[in-house]
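My questions all concern the structure below.
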């Protein structure tokens, strides 16, 4: 099979399988896991746009997600905006937040990027906690309106509706990422990552590019956050917490920073793998250790991620 | 008003001493290897737990416990260097890869501690009981010991890096690895020493802190963040600047708590950190690049 | 086997890029040799490979009858094979005195630390003046002197100098050339990498021309070409 | 609200399917939704232990209505919404699941709606204000969800008459009528602090400090205490319920105590608080609503505590006994209904509960689904810690001792 065909046919086949899953998985638990995996897939693959494709080590990516969560929650609950619109508002505010973070970060390098973006995420969490009359503070917001189409309510359909909304968002996000990566802009990203000085000598403005890439990576991350709030009907400050960050990061790394599909595949694999361990009593702590060890092993043995490894082996 | 200010001053001194011990360890690894060790706080926690096991559970006394905590943390530090840092030397994005591997080490240590020591809070007895009054503000005698001990330890590290062969070799490796190797310094050994020394400092700090705060698997997280702020303020590099920044941040924090309340203090500290990073990435004491 | 150093068939490089391609050369006891050739063709890589900074993919390096190929830099320095790297700042934040003291790091060099220090200061009086200064504040020539001084502090049995006069003013160049000459006179065997072939010809017993990671010509004092031929060798062939 | 009718059919179909499974199953699973890992793991372990204890006991007695029980744990970790929802979904998705218990799972209790949507029996201990907020607008939609804790309103107001009563009885001498309050930014602490400010104000007290802290780990209370020492109040109240924070507060207060009665919300009831403060906390006052009522007049509590200690080797806080009682309340209701798949009926049976438990006599309020607070039901209990002992001094009918002026007060 030619590479070209493989790049198109394999994802399409996967998509077809995912589209048929709800016919087989009729109980809501499995569907729920898929929905959570789709959300993490969007987070991880978009994070990979800045981390893998542009080499910006953004430690505040989950801030964009959190901003999306709270935007949708406040829009839908406080202002009564239709949830279908509210989730897209999450993308808008996340992009704006990304712009705020990106402006100072664009000029920095290496560890400083890690530290500033980390500080920003802490700042965002403090803001959410302190503005409790708007955000619900430490306890968050509950009873966020759910989705419906006409008379069809997305509650009590065993998550069928949410499954397809989640899958749809994942597809849109992936198409968006592919479009970005294959555009001339996307190609210039690689140039910056691999040879910054050379890129600058060719007239590519590195800082403008970094700002743009952070903003682009925030859009669907924010939308995913909005969907997360509407789907779970809750917004709570734990989304800024370290646990979510570590999990998403391990998805990016295990999936492979060079690919678009790697983090998505890793999101699906890790969600189901950790969940299958979660049911075993006594292993609750151990599953985090297993994920951390897997992350180290991938970094040591297959720096391109597991999907990158498969690609190299021509499977 | 004056009394409140003095109380803040003393409080800042206690915080500053703690931050100085934490940050100097972080800084030793950073200056020698160019690695930002996110597992530093977790090593501190391990030091506290081991000290507790030896001194309380096994009943061998507090000083033995502190020594054991320091030693175990040091060994773990060497192990982390060997397994999680050394394989990536010379890699193009070594700095960022080691951010991730040390993060993974942090998760493993924290979760492992929870499995080993359980979820219930623990505390060590104090080195000395009773209270001490400084400038009209009262702190526990144990904290007074910490305040006195921190400058001594910092001074010892400073002399070590300045005057001893091993200490100088760490500095040499930090400044130019190849040249260091060419005069016969064993670079990997220097890296292991730096990591071990830094981890020993973390373990010692943790064991001392375990008498003031409570020992939990996540007790290292907050001090790590503060140490990060300190190292950034001081400028990633010199030990003296780091120590100065530690006391400065401790004082600022204590004053902020008085003026703004505990509520907004962390917010302002993070904001300051961002401003310093953006406008003076080499720290407030650091020179231009 | 009389040779102090034998390099045979060494292939080495940086990651996927191969720089040295089966290079061989040797240095007899008490001999000084010079390496020259165009930039980027492997002279520095060769020195780094001998010092153990780069591990060769094939070939062998023998020093004083001992196989060095798999040894790491500290053990090579311990054996007495020392390199003074190309004009760099060494350890910018360290003082001159400190740097020199530290340089006597290996076990065998430690005992002679004091006498070696005196020798270095005798050789480079300027360094003695600059003792309390930090390395980053030194001039280019002084840095070069410090670098050579450091190498001497290691009590070398074979000293490798990588372009000791690079980028220096003619006056300083002269000063350094004299110092290197007196090191050679003291009986320390040298391998010197230089662009200045005339300087090499005056110093070395034999010269190797290195191009594309190979020795393309060995020049003996006996069959020494005249100045014009050297120039042609150097520029003509390199360009072609 | 919930668009019920549309999906009644689907729900019925599922109910039939599950009943087919459950009717033949000998083993009913009891889920525990708890923070088994992460910061609150100590609470989570205790919840699991308490439920395990009840399950073992029921099984030893031969089960209920022919069914035996098995525990299934859903870890909510650090309580992020997806972790809670995923753990809840896993438990809900298990066809053999008969009921789910928790002390607390999320801070917001949002999972209550997930439970109600599937008519899952869900018994909760903490966060009764959030529970009330979700259930009170339409209690009928939450027929299977019940809270062991009464409304927190008592926390806001009862403290004033209790303190004034102590003064009137001559057991407590106060230097002035000032009160200083510090709270932490979470609905529980903040809500109670706000309620107290009102209650003290109405009783003619002067509130000298009313500070708010960020929610989380607090290692240094000295700046606040310095302000207290400037203007010592008669009563010093801290509503931060995190036991480590409260223990630090107590230790630092005792470095230079003022002539003030110290009241700390909830935290002193946690066994760790005593271990961590030792003699330093002798004299501190706290109260409990829905906590273990360990007095001679309620022998049930001593019995449960004794069993827990025998089984797990340490003293439990509230959640061990609470989860134990929750499982037994479910078992009672199951015994009456017989069929574990008739969860709505079991919920209705739980509503009728009137049972003497370790927390007092549990009865549920149909309007809020919370347990009812009263001196005959679940009382508010005031304790003083003295020399490592917890002395219940109010209400009188349960008292195990009487209040004494703390040693540090003049």
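All chains are identified by letter, namely A, B, C and D, in their written order; residue positions are counted from 1 within each chain.
The definition used in the following text is that a residue touches a chain if its C-beta (ideal position, glycine included) is under 8 Å from a C-beta of that chain, and two chains touch if they have at least 3 such contacts.
Quick caveat: nothing in here was measured; it's all calculated off a predicted structure.
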Pieces of the assembly without chain B, by contact: A, D | C
item	value
Furthest chain, CA centroid comparison against chain A	C
Core chain by centroid distance, with centroids computed from Cα atoms only	B
A-D or A-B, whichever has more C-beta pairs in contact	A-D
Between chain D and chain A, distance of the C-alpha-averaged centres to the nearest whole Å	36
Centre distance in Å when chain A and chain B are each reduced to the mean of their C-alpha atoms	33
Approximate Å spacing (C-alpha centroids) for the pair chain A, chain C	54
Computed distance of Cα centres, chain D from chain C, in Å	77
For chain A, residues that touch 2 or more chains besides their own	126, 130, 285, 288
Chain B: positions in contact with at least two other chains	111, 114, 263, 266
Multi-partner residues of chain D (at least 2 other chains)	37, 185, 214
Chains touching one another, given as label pairs in label order	A-B, A-D, B-C, B-D
Residues on chain A engaged by chain B in the complex (per definition of touch)	55, 57, 104, 107-108, 110-112, 114-116, 118-120, 122-123, 126-127, 130, 242, 246, 249-250, 253, 285-286, 288-289, 291-293, 295-296, 299-300, 303
Chain C residues within the chain B interface of the complex	48, 51-53, 72-74, 77-78, 82-85, 88-94, 98-99, 101-103, 105-106, 109, 147, 150-151, 153-154
Chain C-facing residues of chain B, complex	165, 168-169, 171-172, 175-176, 178-187, 189
Of chain B, residues touching chain A in the complex	36, 83-84, 87-88, 93, 95-97, 99-101, 103-105, 107-108, 111-112, 114-115, 221, 225, 228, 232, 236, 263-264, 266-267, 270-271, 273-274, 277-278, 281
Footprint of chain D on chain B - complex, ascending	3-4, 7-8, 10-11, 14-15, 111, 114, 118-121, 123, 131, 137-140, 212-214, 216, 218, 222, 254, 257-258, 261-263, 266
